[in-house]
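Below you'll find the structures, each written out as structure tokens.
In the two complexes that follow, chain A is the common piece, with chain B as its partner first and chain C second.
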Partner chain A sequence: MARARDVVLSALLLFVGRPRPPRVRRGDYERIIPERPPDAGGELLAIALFAASALCAIAFVAFYALDRLPNQTQLLGGSLGLSFCFLAAGLIVTGRRVIVTEQLEHDYPAEEHREDQETVARIVEESGDRVTRRRFFKLALFGAGGALGVALITPAASLGPFLDVDPFYATPWRRGRRLVDESGRPYRADDIEVADFYTAFPEGADEENIASPVVLVRLAKDQLALPAALARYPADGIVGYSKICTHAGCALSLYRTPLFSPVEPGPALVCPCHYSTFNVADGGTVEFGPAGRKLPMLPLAIDRHGYLRAAGNFDEPVGPSWWGVRDRKPTS
Partner chain B sequence: MTLRRIGPLALLLCCLLAPPAAAPAGGGVVQQGKALYGQYCLSCHGANGRGISQAGKRRIGAGPLRRQAVQVGLGPSLRGVGALAADFYLTTGYMPLQHVGVQPRRSRVLLTNGEIRSLVAYVASLGSGPPIPEPQPQRGSLSQGMQLFTDHCAGCHQIAARGGYVTGAVPPPLQDATPVQIAEAVRVGPYVMPAFSAKAISDAQLDSIIRYVDYTKHPDNRGGWAIGDVGPVPEGLVAWLIGLTALIAVCVVIGERLKQDG
Partner chain C sequence: MIRRLVRYLDQRSGTAPLMRRSMRYLFPDHWSFLLGEVALYAFIVLVVTGTYLALFYTDGTTPVHYHGTYAPLRGQEMTAAYKSVVDLSFSVKAGLLIRQTHHWAADVFIAAIFVHLLRVFFTGAYRTPRELTYWLGVTMLMVALLEGFLGYSLVDDLLSGMGLAIGYAVVLSIPFVGANLAELIWGGPFPGGQSFFARMYILHVFLIPILIAVLLTAHLALVALRHHTQFRGRRQTQRKLVGLPLYPAQTPRSLGLFAAVAGVLFLLGGLVQINPIWLWGPFHTYSSTNGAQPDWYLGWLIGALRLVPGWDFTIGHYTVVPNPFWGGAAFPLVVFGFLYLWPWLERRFGGDVAYHNLLDRPRDAAWRSAIGMGILTWTSFVFFAGASDRVDVLFGLSYSAQIRAYRVLVWVLPIVVGAITYRVCIELRRGELVQGERKRAEAEARAARGPA
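The block that comes next holds the complex of A and B.
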């Protein structure tokens, strides 16, 4: 919070407290640009357009913040596009009707810089003559620009969660929970055959939860090469991994299982989005691709009736990684 | 022509066409297959289809000046794989493989149909294995086939069955696969493909899947232009190409008009 306050204060100082440029005093010189009567209508129109642009940009931020809107994409695109259109229209009106436009050609001698500067300052000063509500106009213009700027940086809010991360560690898995298929039928250990792969969910939990889906595969005993910490995770050669890729959260839908191990690539789950490849024999380490951490592994057990049950929670948090993902272990 | 005359002729024709059908019974075909096996398959699959799973260099020749080594092939055991797997690998041209370690790809079949039948009969005689399946895709349901294909196959082969990519292997396009080959591949799981038992995909479901794959060979393109049926990347490329060209054309026109005005 202290840092945020410092940033705000220094920004205020920067914008409010900066020295004003020397004003050219009116009446000292002869005008360069002929005087024109103020165009109150054009000015109001430009202000209205800038206001509309600012409104649309604010609407973009609002649409972005109010997730769960129907057709959100269209609303976002529409509001941002309209904001730009209004801004462009406002600038066109300003250029055509508010600012005195006069093309002047002068061959400025290269040495007379000082005078040039003054002339330019005067041109700028005088070309704004028609503007009567000067401050109001400035406010509208900067309002539109500022609101658009805020709208453009709003999506950065989605770059990563950092305040409320507890839900990301929560999973529906806990010791003893049965594994069921998508129709709710519990899996028996002997349903799982070698060289095929199965998607399982926790019994009675929300299937839509990102931590719910699990991939089950059966490996031959001699294929398994798990580190000591995970040695007790498989049940009778069956291993379970989260189905969600740790890179961008796609569902792992490709299973690579060699028919003849000596010459073929080893068993792995592959993500269809960016081809992150997770070795299923050694605990889900990343073999290839952009994923930055191993696939979470679910400890399994077989109960007295032959049904597959979870023997605990995942060894790692599920889903795409975020800042601080390694800080904690998943919770039930 | 009377029946009496047709009789012997028909018998002769039957004899000419029959051998393949009678193959498993007769030992001649198996013997012929064994000879072919020695010629094409032995170096990798080993004697009597036992398979070679340990790679090693075998020295041939003797004496200090004649020390040569050959890389012995590597290959899985063929005992119990049955006629199903042999028929799949031979009719697709997956086998004989050019060299050990590469993914078998669909290629020109160098063996004649007769030779393939003999080899299949020989491999089938090595152990009890599944016979060549007889899928009935006309009995399957196209919509169910599409659902099943989405669940089990589209992850790698893409929904339009145009093939795809897995790290370390290339799932092939299925445009040239015959119904029998599809049925065989699902059960075998060639190379790194998962194998699906009748428990995972029943024969009736397999019929539906084959019907859907047959449909993807000539899909109904609502949009009019399929662009290879390979999904959004080429479609996006085309859109960019056409869209960008149009935008540049507009810019050029505006520029020209400004030049004329000025």
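The block that comes next holds the complex of A and C.
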């Protein structure tokens, strides 16, 4: 008990007891930093803030060590953040009240050094004095540097195929390939209902290939308004489009399909990235938004067991546009 | 003790004169000079928290099945990269705190650079002799945007993948070389080859941070060599710099600011959720989510991508300019091109080639303020356009109507705001002149009446 009282008393003394007189040297030489009277209140405030900072830091370690606490992220962040904030407050009090704030002046550095500029220029000029075939020399030197630079950059071509653009036209779709869902189960034509949309992949192909995913929707026969060239694409009112937006390559994950009057505007696929909107009734034309190409359409057929199969490849290359995207048809 | 230490260092490095001068280096006492410091401190927090994250992250794209502590994701197929970040968030003690602090610090870092840039621009601090400092700063902003994009792409959650798909489309859209460049960067068509994540990783944690550190060092060295600019004052002139010495007066202030920045970032990281990747789920090329928004500093690009009307520019079968180029590449190139060229433009057409240590107030350079406000309005409204879908959801304003309105507003408003700014600057200057003259006349009148 007595021991505890001693500790408390000495702690109190430490904080509020008579401070020692400030350490000020005087007399024998001129000071650099001007002399100001001490600010006991400021000092005490700074000390208290530093102590609070230390307590919060210790709390952080404790929260970290105690496994079973709920909301650990909040406690850890709160304690560490507060520790830094108290430290900041203590330092700012130190800067404003404890340490002498001097407003000094001095001259800006010289704008320029004419003599030195001249010397530098002359050293460079005179260094080349002895060269007689100056142009030839420069050509050879820069030629060597340039060629070496090209040589050093060459291995960068290994980063990718670079010149071969065939992969951009390739798709895993070909005539007869079955359409399956994410888990590999084949779609039957009966699975596809009006006013819903389905994601399908070519059976056995890599689902992550951007030429793989297809959106399936079923439209009433009288809703379809396909141009003559695409008229053979739907199978019993089911149409399939590439799921990858032709603008920036995001997956089309919104199907706008008005179910009651007014049913205008008609059913469309919408990209959630930049809201390109593609009409599903007329072959995937762009209705709104920044896409510059229609959505590639996949010809569909129903086999005698009722499964959906591709009746060919897409009518256009899949994915965002590039310089050759209108050059060729997609390849299998 | 201090004497012995200083003597030891001086004898071995000969730097006592440098130390003396550095301690007396002067900082003008104005809050707006601290904005750049905030960016610096956020960068330090980024390096420290990022190093910690790198101790747990893996850049693998091999598909794995999740069997961790977060029940809703159990059994799902995902990349090793995404799994490592989910594990870091749920199974590593303090992992989520550090990850969220890192993300917040990135947002604050770029915000601080942006506000610092506004201060530098509108006060003319970039003028001779400080153009190099300015160009280094603009470059850092550009590099920081890329660094931030790479950072949230590495996580490989659904939003990461959607961002990367858009990034891929923008690279693909570069005229004449886009497809080849994209193949080089991604190692093949999207989602790219096995090594694409390794490429992003080394850029994000090594090459770009080092580049920023080098640019930052050069930026600060140039600031110190030419000294700070300052606002005109009674004692502050073109030749005389007035301020607090680095030591002792400025040191606790700067350290305090550092601690404040770190404190706020850790509080945000601990208390304010950011990017809850477990809710987005893993990325697959065939999935996306509605209502996706990037980090704030890429909002201007998503706005631009959404605003451009839907056409590819073609000649015959050749696609010269695919659509995403306009919003994703041309627009930021124009904005950064303006920032780079501006000091030169002002010298060339404003005719002011003098040496400046004193700052302008925005009103002192009406043309600069007007053009700056115009460009700021332009980029801001493109940025706002990027949030139109959220406005549609929150307030029921039709998305397509908003986009059509923005297509006009982004061209009209900059001119209106620029003109108003110009007028306001001129009027403020005129008001000052009138006030000055009245004061002088009153003083003269008092003097004429004599010491009554």
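Throughout what follows, the second predicted complex is superposed on the first by the 166 of 332 C-alpha atoms of A that agree within 3 Å, B and C clash if a C-alpha of one lies under 4 Å from a C-alpha of the other, contacts with A are read in each partner's own complex, and residues count from 1 in each chain.
Operating definition for what follows: a residue touches a chain if its C-beta (ideal position, glycine included) is under 8 Å from a C-beta of that chain, and two chains touch if they have at least 3 such contacts.
It should be emphasised that the depicted structure is a prediction, and the values quoted were computed from it without experimental measurement.
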item	value
Touching partner for A:G289 - first (chain B), second (chain C), both, neither	both
Touched partner set for A:T119, first chain B, second chain C, both or neither	neither
More chain A residues in contact [chain B versus chain C]	C
Which of chain B and chain C A:S127 touches, first, second, both or neither	neither
Touched partner set for A:S321, first chain B, second chain C, both or neither	second
A:S253 touches, of chain B and chain C: first, second, both or neither?	both
First, second, both or neither for A:E193, with chain B first and chain C second	first
Chain B versus chain C as contact partner of A:S332, first or second or both or neither	neither
Shared chain A surface residues [contacts with chain B and with chain C]	253-254, 272, 275, 288-289
Footprint of chain A on chain B - complex, ascending	53-55, 74-76, 100-101, 155-156, 165-169, 188-197, 199-200
Residues of chain A that touch chain C when the two form their complex	33, 64, 72-78, 80-92, 94-96, 99-109, 111, 156-157, 159-165, 167-168, 199, 201, 207-210, 212-213, 243-244, 247-254, 271-276, 286, 288-293, 319-327
Interface residues, chain C side, partner chain A - complex	24, 26, 29, 93-94, 96-97, 100-101, 129, 162, 165-166, 168-170, 172-173, 175-180, 182-191, 193, 199, 225-227, 235, 238-245, 248-253, 255-260, 262-271, 284-292, 302, 305-312, 314, 317-320, 322-324, 327-328, 355, 357, 389, 399-400, 403
Chain A residues within the chain B interface of the complex	191, 193-197, 253-260, 262-265, 268, 270, 272, 275, 277, 287-289
